[in-house]
Amino acid sequence: MEHANTTVTAAAPAFSSRPEDLAWFILLLPLIAAAGIAFFVRKSNVLSAVFSIGAVLAAFFLSVGLFITFGIGGEATVTTPFSWIHVGDLNVNLGVTVDRLSVLMLLVVTGVSALVQIYSIGYMHGDRSFSRFFSSLSLFTFSMLGIVLADNFVMMFVFWELVGLSSYLLIGFWYEKPSAGDAAKKAFLTNRIGDFGFLIGILMVWAATGSVSFAGIAHKLGADPAALGSMASIAGLLVFCGAMGKSAQFPLHVWLPDAMEGPTPVSALIHAATMVAAGVYMLCRTFFLYQVPAAWPGPLSFLGSISALDIIAVIGGFTALLAALIAIQQNDIKRILAYSTLSQLGYMVMAVGCGGPDAAMYHLTTHAGFKALLFLGAGSVIHACHHEQDIWKMGGLWSKLPVTFRTFAIGTAALAGLPILTSGFYSKDAILDAAITGGHPVLFGLGVLVAAMTTFYMLRLVIVAFFGAPRTEAAGHAHESPNSMIWPLIVLAVPSVAVAWLPLGDFLSAHFNPHFHPHEGGGIFGPFNHAPLAATFGTGALLFGAAAAFHLYWNAPKDPLPGQLGLIGRAMKNRFYFDEIYDGVLVPLHDMLARLADWFDRWIVSGLIIRGVHGSTELVGRALRLVQTGNLQTYTFMFAAGVAVVVMIALKLK
Amino acid sequence: MSLTSLLLTPFVGALLVLLVPGNYRVIIRLIALLTTAVTAIGAICVFAAFHPGVADFQFEQHTAWIPAAGLSYHVGVDGLNIGLVLMASLVAFAATCVSWDIERQPKLFYILLLLMTGGAIGAFVSLDLFFLYFFNELALVPTFLMMGLWGRGEQKNYATFQITLYLTLGALVALTGLIALYGLSGANTLDIVVLKAWLAEKPLSHQVQALIFPLLLFGFGTLVGLWPFHSWAAPGYAAAPTATAMMHSGVLKKVGLYALIRVTLPLLPDGLAHWTPVIAWLCLGNIIYCGWLAMRQRDLALLLGNSSLAHMGFCFLGLASVSVIGVTGVVLIMVAHGLLAALSFGLLGHLVKVTGTSDMDKLGGLLRPLPFIGAALVAALMAGCGLPGFANFPGEITVMFGVWKTLPGFVVVAAWGGLLIGGVYMLRAIRTVLHGPVKAEFARVEDAGCWRKLPFLVLLGALIYFGVNPGSLVERIKPAVAEVVKAATAKSPATEAAHTPTATAMNTAH
Amino acid sequence: MSAMIQAGLQHYLIVSVLLFSLGLFGVLARRNLIVIYMGLELMLNAANLALVAFSHFNANLNGQVMVFFIITVAAAEVAVGLALIVALYRKRSTAHVEDLTSLKY
Amino acid sequence: MPQLTDLLFYGFAALTLLFGFLCVANPLSRNPVTSAMFLVLTIISMAGLFILLHAFFLAAVQVLVYAGAVMVLFLFVIMLLDLKEEERRKLRKFTVGLGAVAVAAIAGILIKATLSAVPLAAGKVVEGNTKPLGVALFTQYLLPFEILSILLLVAMVGVILLSKKELK
Amino acid sequence: MNYSLLTVEILATLLGVGVLLADLWLPASARKLLGYVAATGVAILLTYALGSGAPADGTAFGGMFVVDAMSNYFKGFFLLATLVVLLMSIESSETLVGYAEYCALTIFAAVGMLFAASANDFILMFVALELITVTFYILVSFSRGRLGSLEAGVKYLILGALASGFMVFGIAFIFGAANTTNFYEIAAKQAELAKSPIFLVGLLLTVVGLGFKIAAFPFQMWAPDVYQGAPSTTTAFLATGSKAAGFALLLRVAFGAVPDITAHWSRLLLGLGIVTILYGSLCAIPQRSVKRLMGYSSIANAGYLLLGVAAASLSGGTAVLSYLGGYIFTVLAGFAVINVVVNRTESDDVSAFAALGQRSPLLATGLTVAMVSLAGIPPLAGFFGKFLLLKAVAAHIGTDKMFLLALLVACVGVVLSIYYYFGVVRAMFWPRNATDLTPIAVGGATRLAVVLCVVGVFYLGICPNALVKTAKQAFAGLNVPATAAEVHTAAK
């Protein structure tokens, strides 16, 4: 199914002067930086930072160039100059996709990455593994860019795994802390469960379409939507499993909060802005898989016309709700943000499920900006409070950390979706709109509810941490962070507001729907014109959430909610016991099987069989040699008896 | 460099070492190092000079040896073994490097190591099956002596005898199969090329093939640690000195698999078809069961040993597919795993050397005092759970692609085993050995010095090279695999019916 | 008396077999080395008888030559054997097989 | 009408077997000297059988060499070692029984086989005199004869070596 | 009469007598010299027999004595074994009472073997065997200072005489049934003789006698005790020369005289082989005494060889001969080392071999090579012999499943043998507790013997072509039935 020009066997890279080949440079620059740091300038902190930031900045500017060339009016192109594995009908190339989706994502990834790295100069100052940090960040950036640019499933899977690795390395950055090591392990393994499904999904799609390249599969499915046969929906869901892992969707969401064990810049970059968005990006990239009619194999035929997308939407919605509920009762500043991230990711996935990949991508983009901002802000707070993360031990920070406070407030507003002013409003609106137009009223309601809760818990955070009186001495003596940390906050605050006025939504919609025409009456009030229901409900939710937060937390000495919510509150606080369920069920199950296998191997295979054979052989030997009594009479008797027997047998043969 | 000179280099080296008096330790070490270096360079030259895209044997040499018994010396490389030869020589070089610290009887040690190297290379390049067996067995005594003399642990004796007896039994059963092939085919030769041509004319009956095949499967399978004949491997490697564990788990273990592919695919297609389901089930025993075993190990050496068995499961899975893609994947894994296993055991050896134990409960936080070894170990363990970027990944994924069309259910289970179970124990190893607070007694242990990194860098480099650019191997492997798979599937109508998609896939590949 | 048929080859052979069996029984049942040795002599003699009988009934003198050899060999064997037994007796003061079990299992 | 030779055959045969029996399994005495004496008698009876078979020379040799030299050797050794009657340790009936079974089995097989024996040259008689035997011995059978001489030399050396008092 | 056919035998006899006589005139201090003289003499004889002196094929003494490829094959090995045994014995020339007689008797035993190799007549066979056996009675009990040696001598004597008794009785029956004792003449009548029970019983009883020599089950009882008790040099000779002589005669009887009957009894031989292998291998496992271990190992090896005989084919016979060729070098290498160690430590317990790797690398290497070769591992001679044997057996598995069983048993036997052979190797290289680490000085003769054998073991393992070719010719010289498999091969 490959296009003729993609079956390139000669490995000669054809770097022509085509601008899309710049994508290769964007991809490789961070890798070169990572390798350079690891092998050559490990000893020098300054050089490490320079390498890393230089590479990512260069990549960023190249991305801007690409965005200008291709994002605005360019054609989608795929270049595949390298044959990676080509055997039989398995043909895997290394190629890059340059289209609106990927160039936008390139911008997000390189942009946030650059800012986070600059921020890290201050944040990680004095850490003895400073250069390792930058090396790992560069490696991550490389892997993430690989996902973005991948033009086929295998390559995406490769970078998918590499992203998992870099995330593992960064979560476990402070590996001497046992909790960091555990969290890293958990993140990797949970992701692996998703990858397992992803891989099987890839195999199914390949077996049915004979190709692993996105273009090839899309082409085949375009020509024959039933190519996947009865497994169509299953394959889609399996591929979605990958997204479930990376984007931390229920039930694989448990790793993300723990991942906050990593340094805060890592949380901002990986676990808020980019890596966790990879799942959503992948769903958008492979959206063609989900546009085929629903089909289920025999045993699952009762699902009828329920499509994979419907299930995805429900999972996304449920994740959004669940995470929001948990976020309400968290006290750790980073955990609140982490659950918020989960919730927003659920939002995006729901959007994809409702048939709005453009909305999802839109929200992904805006969310990347303001969530990175929030995390970096939180990092600044933590840094200022001497690594105190409990919001109930802060308070009154607004005056002591003015810049941090202002930018954090902007981020909060954007996350809450303050109408007109913030980017979050537009993207959230697009999602709610997609839920309605996609025919999912229940999910729409759920979305509104989650929006209200989002406002509630974010304001709770802001009120408790920044207002009132300092609750601890550390909070009382807090100082504003150094400039290298402040400037990225300011820069990130800009898109949280400014993106609001760019026609990003239309830009993306045009990618997914060639026949898309921008809505009449666009502009900053657009949503109220063409999606009044969504805009109104969204605004209403915001107001409701804000009111509740102010009512409950303004000047509250401690959290009043647990007393009111009782058991549910405790469940929320304990994250609905998901970790306990996993620790109590899934892990022991595997452990039990392993124990069983080990027992079997130890006692049956090695013990009973091997030692048994060994022992019985030796025993037989010992017994048999007793025949040799040393007594001549025995010998002569054996001799004579032997003669008799042998002769008799021999004569029988006659 | 001709294959014969490549093959003879280690033996000549061994002879030279023999002639040096035992107390000239440095000279002995240098000779050994030089010998393996020359071997490795020679193998690289052969690899580079090998023409990809050609199915025929290259660098062939043929001499009559015992005409009375129809045996001849016949060496050559094609896609199936070219990568293995390269891998074997690289591992041998690395193994020689890490043995620098052998203090007790270094002369004997290096002689044995060089014999082992020669045996391994000889087994891979021999096209006369007699010599394949011959060279494989040649490495048995060195294994035994090295484990006994320089091995470690309380279970050393038991493990040494267990591994020796198991390997002998396996090799003998396989030999029985080969001899039966020799006798029953009537070709009066064990030359694979002649046998293939002979059997193409007069194939053995289905019953005979079904009788001989299990002998080869279980015989060679035992050499590879096919479940349930696996229990020698982990304790054996745990007890073996570093270089032996590297050579054995990395190189010699592959001989069995290589021989299975080399012999059964072209010569016993019906037998293979008959026994494919059994192989498929047994390979799950390796992937899942041995994975579980690895999960339970408290000793890093045992963990690595069991994980090595789990990897072999993928090879059997690929073999069971009898498809070009699957078998190509098997060869890829064999090369990759050889490098990986050697790397892992080499690093483990360093760990044991500086800490004195491989008990994971006693270790912890070693990444701090051992930045290089620790990082390399992370890389090795990650490669072991199938991380892209290392050569294992392309192999495993190719196997899964190759098998999917015929045995999807098995692929699902295998993927679970490879991705999940593999991940669990590998990460647990990293967590307990490298992460966490460093223990006081290990705070000052020594990392690998400047040039001591060389063996690990060589192996790691090769792993990454083939991981990033598997095409360089695949292009060499593919034609030969296509050839044997064609022989395996074209033979009997029954087999062809079962693998039609594969067969057509193969045709389109041309 | 008519039942007592003419003594033929088989008669001699049966005598020979019986003598052989007697010798064998002596070897198996007796415990004195010298007596065992006598049993062995009986066995050799039985063979001699058979050979002579065959020689006679086959009209082939070679059998008798063979007997000659056997007698000589037996004499040599007896000489060596008895010397050995004497040497053993000197060392161990026994000629009883049950006492000769230092080499066993 | 039975001929004399037949009567003699039965007589000698019976004697041979009887003495043989008494030699190895004398119920009354287990004295080696008794055994040796009965062995002599057995051999002499056999010489009678030899004569019936026209093997005159062998009969003579049998008496001279066997009954004479060999038996003297036996007796000499018995006397030298001062061997008494076998001590009456507990007679292991089980062993003897097993031995008897084995012997019976072998005897059965052999007798069954002898029943198939046929004279290959009925009527023709060769005389076992000194001359024809000597001719055969020194022509056709010269080689074994010479080998026997080596054997005797070996035996001689061996006997001397073994029976020498220990030298230090 | 063509006496030139007997040159080697005559010269060997003269050498033996010469050694005996020389002892009379030589002073006691020159006894060691006598060993060298005897060894040199045998060496010259060996080169003579293998080279210019190898007589052309022919028969003498009315077909009683035959010279053919097989007799020459065996004679070479008998002389070689004698040479090595003599070299080994120099090690104990100081301690052994009557050393000159020991050398002479060894040579006389060798003369017996030489005649056995050429025996083509039951009478000559009997006489030659008796010469070997009687000599061995003396050689076994030669260290009459040790009770073990005497006890072994008595056991060998009684059982040997018993076996002779059966054999003689068997020969009598054969003579009676066939009216001849010549193999060729019997071969000519074997079709009718095969129907005669008395002939068959006689044949079986004769084979019993040979089974005793080769220590095949159930006639193996003597082997461990005698191997353990006898002086090491004698044990070595017993394990090589005597056993090979047994096989030489067995092959000649089985394939030269009664090939059809042998083919008919192949399952019996196979069964005996299987049981022998298992018995020898299993009993060897718990052994601590190395010489006794070698006794059981010798039983097991007889079993393997019987499998080759049972195959009753050209490849089987070739395998048996090749196997024996490698086996002789291997066992002699082993005993050359055992001899020294036993002499030094006065013990043949495994613990006496502890740390031999450090005490004497040469001896350790020699014994290791021997053990590894016995275990059948390439590139040593033992491997190739086993390979050929398995090959010969495998040719029949298509027609008779019992051969498949034999094949598997052989495999099991090899695995078991590795267990006990490698146990000895282990003791030499990494003993549990080695107290004595003083170096062992090795005399020149032993050194020579060890090196000679080790080189032979390697040579036959790596370049066995000449051996196999000779073996094939030697066996083909016998009257061999063409089995179906070989007809097939020949057709190709």
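Order of writing sets the labels: A, B, C, D and E. Residues in every chain begin at 1.
Note that in this section contacts are C-beta pairs under 8 Å (C-beta built on N, C-alpha and C of every residue); 3 or more make two chains touch, one makes a residue touch a chain.
Computed from a predicted model, the values in this text were never measured in an experiment.
Contact with both chain B and chain C is made by A, E.
Fewest steps needed to get from chain A to chain E, stepping only to touching chains, is 1.
Averaging Cα atoms per chain gives one point for each, and the point farthest from that of chain A is the centre of D.
Distance from per-chain Cα centroids to the pooled protein Cα centroid is smallest for B. The largest tally of C-beta contacts between two chains is found for C-D. Measuring from the averaged C-alpha position of chain C to that of chain D gives a distance of 5 Å.
Measuring from the averaged C-alpha position of chain D to that of chain E gives a distance of 31 Å.
Inter-chain centre distance (chain B to chain E, centres taken as mean C-alpha positions): 41 Å. Per-chain CA centroids place chain B at a distance of 70 Å from chain D. In chain D, 95, 99, 102-103, 106, 109-110, 114, 117, 120-121, 140-141, 144, 148, 151, 154-155, 158, 162 are the positions where the chain touches two or more neighbouring chains simultaneously. Each of residues 625, 628, 630, 632-633, 636-637, 640-641, 643, 647, 651 in chain A touches at least two other chains.
Multi-chain contact residues of chain B, defined as those touching 2 or more other chains: none present.
Every pair of chains meeting the touch criterion is listed here: A-B, A-C, A-D, A-E, B-E, C-D, C-E, D-E.
The touching residues of chain E, when paired with chain D in their complex, are 6, 13, 16-17, 20, 60-62, 64-65, 97-98, 101, 104-105, 108, 111-112, 115, 123-124, 126-128, 130-131, 134-135, 137-138, 141-142, 144-145, 169, 173, 176-177, 179, 196-198, 200-202.
Here chain D touches chain A in the complex through residues 95, 98-99, 102-103, 105-106, 109, going by the rule given at the top.
Per the touch definition, chain D reaches chain E in the complex via residues 109-110, 112-114, 116-117, 120-121, 140-144, 147-148, 150-151, 153-155, 157-158, 161-162, 166-167.
Put simply, chain A touches chain C in their complex at residues 625-626, 628-633, 636-637, 640.
Across the complex, chain E is touched by residues 65-69, 130, 133-135, 137-138, 140-141, 144-145, 148-149, 157, 160-161, 164-165, 168-169, 172-173, 175-176, 179-180, 182-184, 186-188, 208 of chain B.
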